[in-house]
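For reference, the structures are reproduced in the following blocks.
Both complexes below contain subunit A, partnered by subunit B and then by subunit C.
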Partner chain A sequence: MLRGAWKEIRHYPSAVIGLVIILIYAAISVYTVIAIPYEEAVRLWRGGEDIWGDNPRLAAPTWYNLFRKKKLPLTIKMDDKHPSVKDLGYQQVDDDLWVHDLEYAFDFQADEFPQDVALFFQAAFQKKAPYVSIVWIRPDGKEIRLEDLSIRGQRQVFLVSQAQRLHKKLRLPEGMDPVVPLFADDYKSENPQVLKGTYKVRLETTLFEADSTINSKLVVYGKVHGWAGTDHLRRDLSVALLWGAPVALSFGLLAATGVSVLTMIIAAVGVWFGGWVDAAIQRITEVNMVLPVLPILIMVGIFISRSLVVMLLVIVALSIFGASIKTNRAIFLQIKASPYIEAARSYGASDLRIIFFYMIPRIIPTIIPSLVLGIPSFVFLEASLAVLGLGDPVLPTWGKILDDARVNGALLQGHFYWVLLPSFALMITGIAFAMLGFSLDRIFNPRLREL
Partner chain B sequence: MTLTAPVATPATAAQQPPLLSVRNLRVWYALRKWGFGLAGYVRAVDDVSFDLPRGEAIAVVGESGCGKSSLMRAILGLVRPHSGQILFEGQDIWAGGREGMRRYRMQVGYVQQDPYGALPPFMSVRRILEEPLILAGIKDRKERLERIIRVLEEVKMSPPEDFLNKFPHMLSGGQQQRVVIARAIIRDPKLLVADEPVSMLDASVRVEILKLLRQIQEEHNLAVIYITHDLSTVRYFSERIFVMYAGKLIEKASVKDILESPRHPYTKALLAAIPEPDAENAKHLREVPPGEPPSLVNPPSGCRFHPRCPEILRGLCEVKEPPEVEVGPAHLTSCWLYAEERPSRTA
Partner chain C sequence: MTEQVMTVGSVEEPQKESQARGGTPTWIRVLRYTAVRIVMLFITVVIGVYLTILIANMGGHVDEIRRAQIREHVALMLQNDPTFRALPPEARQKRIEAEVRKAEKRLGLDKPFLVRSFIFLHQALTLDLGRAENMTSDSGSRQVRLIILERLPPTLVLFGTSSMLIFFTSLIISLALSRQYGSFWDRLFVSLSPLSAAPGWFYGIFLITIFAAWLKILPFGGMISTPPPETTWEYLLDLGKHLILPIAAQMLTSLFISVYSWRTFFLIYSSEDYVEVAKAKGLPPRMVERRYILRPTLPTIITSFALSLISVWLGQIIFETIFDWPGLGRTFYQAIQVFDTAVIVGITVLYAYLLAITVFLLDIIYAIVDPRVDVGGVQSTTA
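Right, the complex of A and B next:
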């Protein structure tokens, strides 16, 4: 019967499409779990500036440029070992005085201003910290002295967006992005445009000790990043989008299979033993059916645990005594009355053997379509929980991207991709399983075909 | 039918217990009100006794709903009797607990009416036949396969290899019933219970299946209980006939005696409903004597046949249940007409 169904699936285009999507989805999941192992994913997703510091904040996916006339810049980043860097080396100018000049150069051709410019410094010294002057040199030859500062830490950052002294010096108009004066042809004009060409950043360092050194890195944050963009914490959304696939798939699959299988077994046991066992199962089902699932899950999330595994167990526990117990029961009652069951008893099959070898195999064809159709509903439930702030605390999931997007007002601020991509992933999941499930239903339960 | 009627086997040695002995068996189904609370009983089998010697075939005939299948189910241990005993080789089948029942079931085969319904549709022929062997504790796969092939040959499904991997829906009705029979005899039982084994088959295959059953019975020296509607098949198949009416066996005799000298008015009515006992066709027990079959919840008082009986003894039959009377050698009937002593009538 199952083999026949396999052959028949090919005649249902929607089933084939659904199946192909699901297979791609499974392949992505496998790839993800291998390429970004669980610990790595958790580490990345919980990481802060140290991991994601080089990424722009809230950048759109790169492919967004395909739909735009004015292209958004990508992030440019280079350290002081980069081949385009002109390093003049250390020169002693006095007993206790050394200088070190270094010039970064990069080509800027985007139509929009970048998000920000950052310089990361790292200095080694005994007592007296080195001192750096940062000079911005535009393609038109204009030089702007951005800042003079002593480098005291292991990791010191200069950010144009936060350089208050620079803002004052430039007399930055109210509301203007501080990078505009650095990149605009004329920032005082009505509508400043990006000046394209080669920009340079010169670092003039003064050092006060013989083995004192300085290292630096330049990052010009763009406004697009990767294929998925970044969020408010500069995290690359592709990590969560990729990891969302195996999480959603396994969650949906485990929940749907667990619920279907357990429901089936419970219904079979009730029907087979009848009497008070059946009555008890029926009453539990009726009570359970009026219990509100979501509030219970919210309570569990708040008071017990938000771990995905706990949620999975609670969802399965709450769903096994569902309406499908009743439909399964009706089918099992018919099966129980069939002569082959009586025959099995007459040749000595035990209760458990009859339940598992004679009754359950009979109902599996009707269960498979509803199992497949049940998968997306559990995926959506998991996402809804995450949107309600009850997502797994460590795992990156689609629901958690949506939750972050909602909390940070993504749509109000125009960060469409932040909502679009996870929603799209969820939708595709739903559609794929629905297409396959409905076709399977027609194959396994042919009586519906006439409807 | 071109087959000759079998000769009745002579009574077996008195000392050895009969293979199967049914003693005052009652199968009552409780009628429940609102799911609990007893509202009465369906008295499907009421005080039935008989002995079945080894190797003998008996037939039970009776109209629909008279309790034949209930009698079978009780004999197979599928329903627990309300009272009475079923002794197999002298042992009460319910006395040995689970293990006793298991051992008993190893020695009984069951052939059902609807061959398609009797086979799990999701199992292959091989798997279907393997189940009883697995349950018999035969661990060796090769041995199981050998026995499956042997039994398929025995039920004339050859070559067996062609059928092993077929599923029931791929077989014809006759082939399905052969598989059912194969399953029933694969453990070499001593007793075979066949509940209308051919009534759902095409007329053309009926004879073949009955011949097959007969042949198997003779080769294995099987005791057979054969339930049927069709008196013509009874004649050819069994040595004795039990006529059942409303949960009771009202006449027990050899095939010859029943057909040539029926005693009970119900038996007579049954035979009268068959125009030509020897003719090949139109011998079904479909037509029943006039009147409604009695309710099994509130059976008629006295003799259960009295409301429909043409020879009723007023004042007696409707009051007192008739005794079982020996009207000839090994010919028993429960009817007041043949009782030597009758209590005085009340009306």
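Right, the complex of A and C next:
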């Protein structure tokens, strides 16, 4: 019957489409787990500023540009070892005074202003901290002195968007981002346009010790990033989107299989032994059907643990005594009465042998459609918990992205990609399993096949 | 998620046992059956509520937290008391212990949790819902009863409207489709049924994205604009506007699957021999539909209707959270977040009672509308 089913599936286009999508998801999952191992994924998702500090905040996916007339900029980053950085000379001016000039150059061709410009500094010195002047040179030759600052820390950052003194010096109107005058053709006009061309940043360093050094890095934050964009913490969403696939698939598959198989075994045991065993199972089922599953899961999540494994176990435990036990029971009652079971009993087959080798195999075909149809509901259950803020504390999942997006007002601020990408991932998974499941239902349920 | 109340194609249970009991008079069997059923349902409710109490108190852990809070509070209070500071250390310790014991006694924390859990159970089952620990109703009351009563109407408005709409629309559409099996509309509804794989809140996010964030023609969520409109007409209009997206989201997730399963169900019943006979006799199609298709499927329709009504009561936690709907589901979630055991247990016990009553009434209605149901027999476990 199972072998015949494979042949039959080919006659159902929706089943084929569903199956192909599921296989693609499975391939993506395998690729993800190999390419970004678990530890690496957790590091990329929970690591901290060091990992994602160079990414723009809330950047759209790069393919947004395909649909836009005014192209959004990509992030440009280079450190002082980059080939396009020109060393303008290192020289001793006095006994304890050295001057070292560097010039960064980058080409800017986008139609929109970048999100921000940042310079990261790192200095080594004994007593007296080095001093840096930052000069911005526009393609039209205009020079703007951005800031003079002494570099004391291991990781000191100069952010143009937060440069108060620059804002004051340029006499910008209230609320105008200082990034605009750096890049605009005429920032005083009503609708300033981006001046395209080669921009330069000159760093005029003054050192006060012979072996004092200074390292720097320039980041011009764009407005698009990767194929998935970034979130409010500058994290690359592609990590979470990719890792969402194996998590969702294995969660759905494990939960659905666990529930179906255990339900089947419990129903079979109840029917075979009958009497008080059967009665007890029936009563437990009735109690269980009154229990509200989601509230209990939420309580477990808040009061006990949010780990995905704990959630999985609780979900399975709450679902095995579900309504399907009654359906299975009805079928098993028929099977129990059939002659071949009688025959097995007469030659002395053990209880376990009859249950596992003679009764359960008969019912497997009817279980498969409901198993496949059950997978998306568990995938969405995980997402539901995540949307309530009860997602796994470590793993990146689709539901967690949706939750982050919702909490940070992604829709109100128009960051549609943040919501739509994980939604589509969830949606397509759900529909694929549903399409396959409905077709399997028709294949294995002869009464439906005629319709 | 889906309304798969109907187990299409399932096999009927053998009815041998019920025939064996033919000896006892009917009314005794009915009475015995009713009594057993009530006892069983009550035990079910008790177990469900007790489990909720255990989980909501983290098996007694919440008591520990509360004790620690009391101790800290007492110590802080006494620190500010000059007569206390003048006491020697041992006397101070004694004083703290005495105050802590007084406070614990006042809150009933002096008894072990096991005893307390049964006190809670008794209070819950007698619907003595008590006072909330952290939450208040909008009118400022701490009575759990008032909090629930205040939150119930929004939930009933939203889920009542959407369940009714979905139930009757799907019934009407599916009857129409089963008449024209294989037509364009039939195939359209069948091929759209996988949409039910996603829950309502999920479509909610989509609809909010399109109609609130992008087109900006409908509100993001909530039930009434702030400030609320003055006249009744404007109020209703505003409410309607806020209802559109949630109801549409509910429709997307349940309508197609509902139509699909009803249609399949009707098709199976309309291929029965007696329907063919009725058609062959030349009865008008409407009559065939009413008498030979709808009549035997009535019990299933009623069950499904009752269960969809009962699901209205608890609302949907996530759905209300997404749409910022001030109903019971969201209140339940808020109560869990602030560890407000009294509110959690209060909502659960009401729900459990309602469900139990519905299941019981369904059993009786079944016996009335379906002559095949043999009361007291094997078939009776319809829950």
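Criterion: the second predicted complex is superposed on the first by the 449 of 451 C-alpha atoms of A that agree within 3 Å, B and C clash if a C-alpha of one lies under 4 Å from a C-alpha of the other, contacts with A are read in each partner's own complex, and residues count from 1 in each chain.
One rule holds for everything that comes next: contacts are C-beta pairs under 8 Å (C-beta built on N, C-alpha and C of every residue); 3 or more make two chains touch, one makes a residue touch a chain.
Keep in mind it's a predicted model, so treat the numbers as computed, not measured.
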Open item on the list: Clash or fit: subunit B against subunit C, after overlaying the two structures on subunit A?
Closed with: fit
TODO: Figure out whether A:L44 sits in contact with subunit B (first) or subunit C (second), or with both, or with neither.
DONE: neither
- [ ] Figure out whether A:M299 sits in contact with subunit B (first) or subunit C (second), or with both, or with neither.
- [x] second
Task: Winner by number of subunit A residues touched, once subunit B and subunit C are compared - done: C
Open item on the list: For A:L388, using the defined touch cut-off, is the partner it touches subunit B, subunit C, both, or neither? Pick first, second, both or neither.
Closed with: second
Open item on the list: Contact-wise, after the overlay, does A:L313 reach subunit B, subunit C, both or neither (first, second, both, neither)?
Closed with: neither
Open item on the list: I'd like to know which partner A:I21 touches here: subunit B for first, subunit C for second, both or neither.
Closed with: neither
TODO: Go through the superposed model and pick first if A:S338 touches only subunit B, second if only subunit C, both, or neither.
DONE: first
TODO: For A:Y347, decide between first (touching subunit B), second (touching subunit C), both and neither.
DONE: first
Open item on the list: Nearest approach of subunit B to subunit C by C-alpha atoms in the superposition, in Å, rounded to an integer.
Closed with: 5
Task: List of subunit A residues in touch with subunit C within their complex - done: 14, 282-283, 286-287, 289-292, 294-296, 298-300, 302-304, 326-327, 329-331, 333-334, 337, 376-377, 380, 383-384, 387-388, 402, 406, 411-412, 414, 416, 419-420, 423, 426-427, 430-431, 433-435, 438, 445-448, 450-451
Task: subunit A contact footprint on subunit B (complex, rising order) - done: 35, 73, 76-78, 101-102, 105-106, 108, 110, 112-114, 117-122, 131-132, 135-136, 167, 180, 183, 187
Task: subunit C - residues contacting subunit A, complex - done: 1-2, 7-14, 40-41, 43-45, 47-48, 51-52, 55-56, 58, 61-62, 181, 191, 193-199, 201-202, 205-206, 208-209, 212-214, 220, 264, 267-268, 271, 314, 317-318, 321-322, 332-333, 336-337, 339, 344, 348, 351-352, 355-356, 381, 383
Task: In the complex, subunit A residues that touch subunit B - done: 1, 279, 338-340, 342-349, 353, 357-358, 361-362
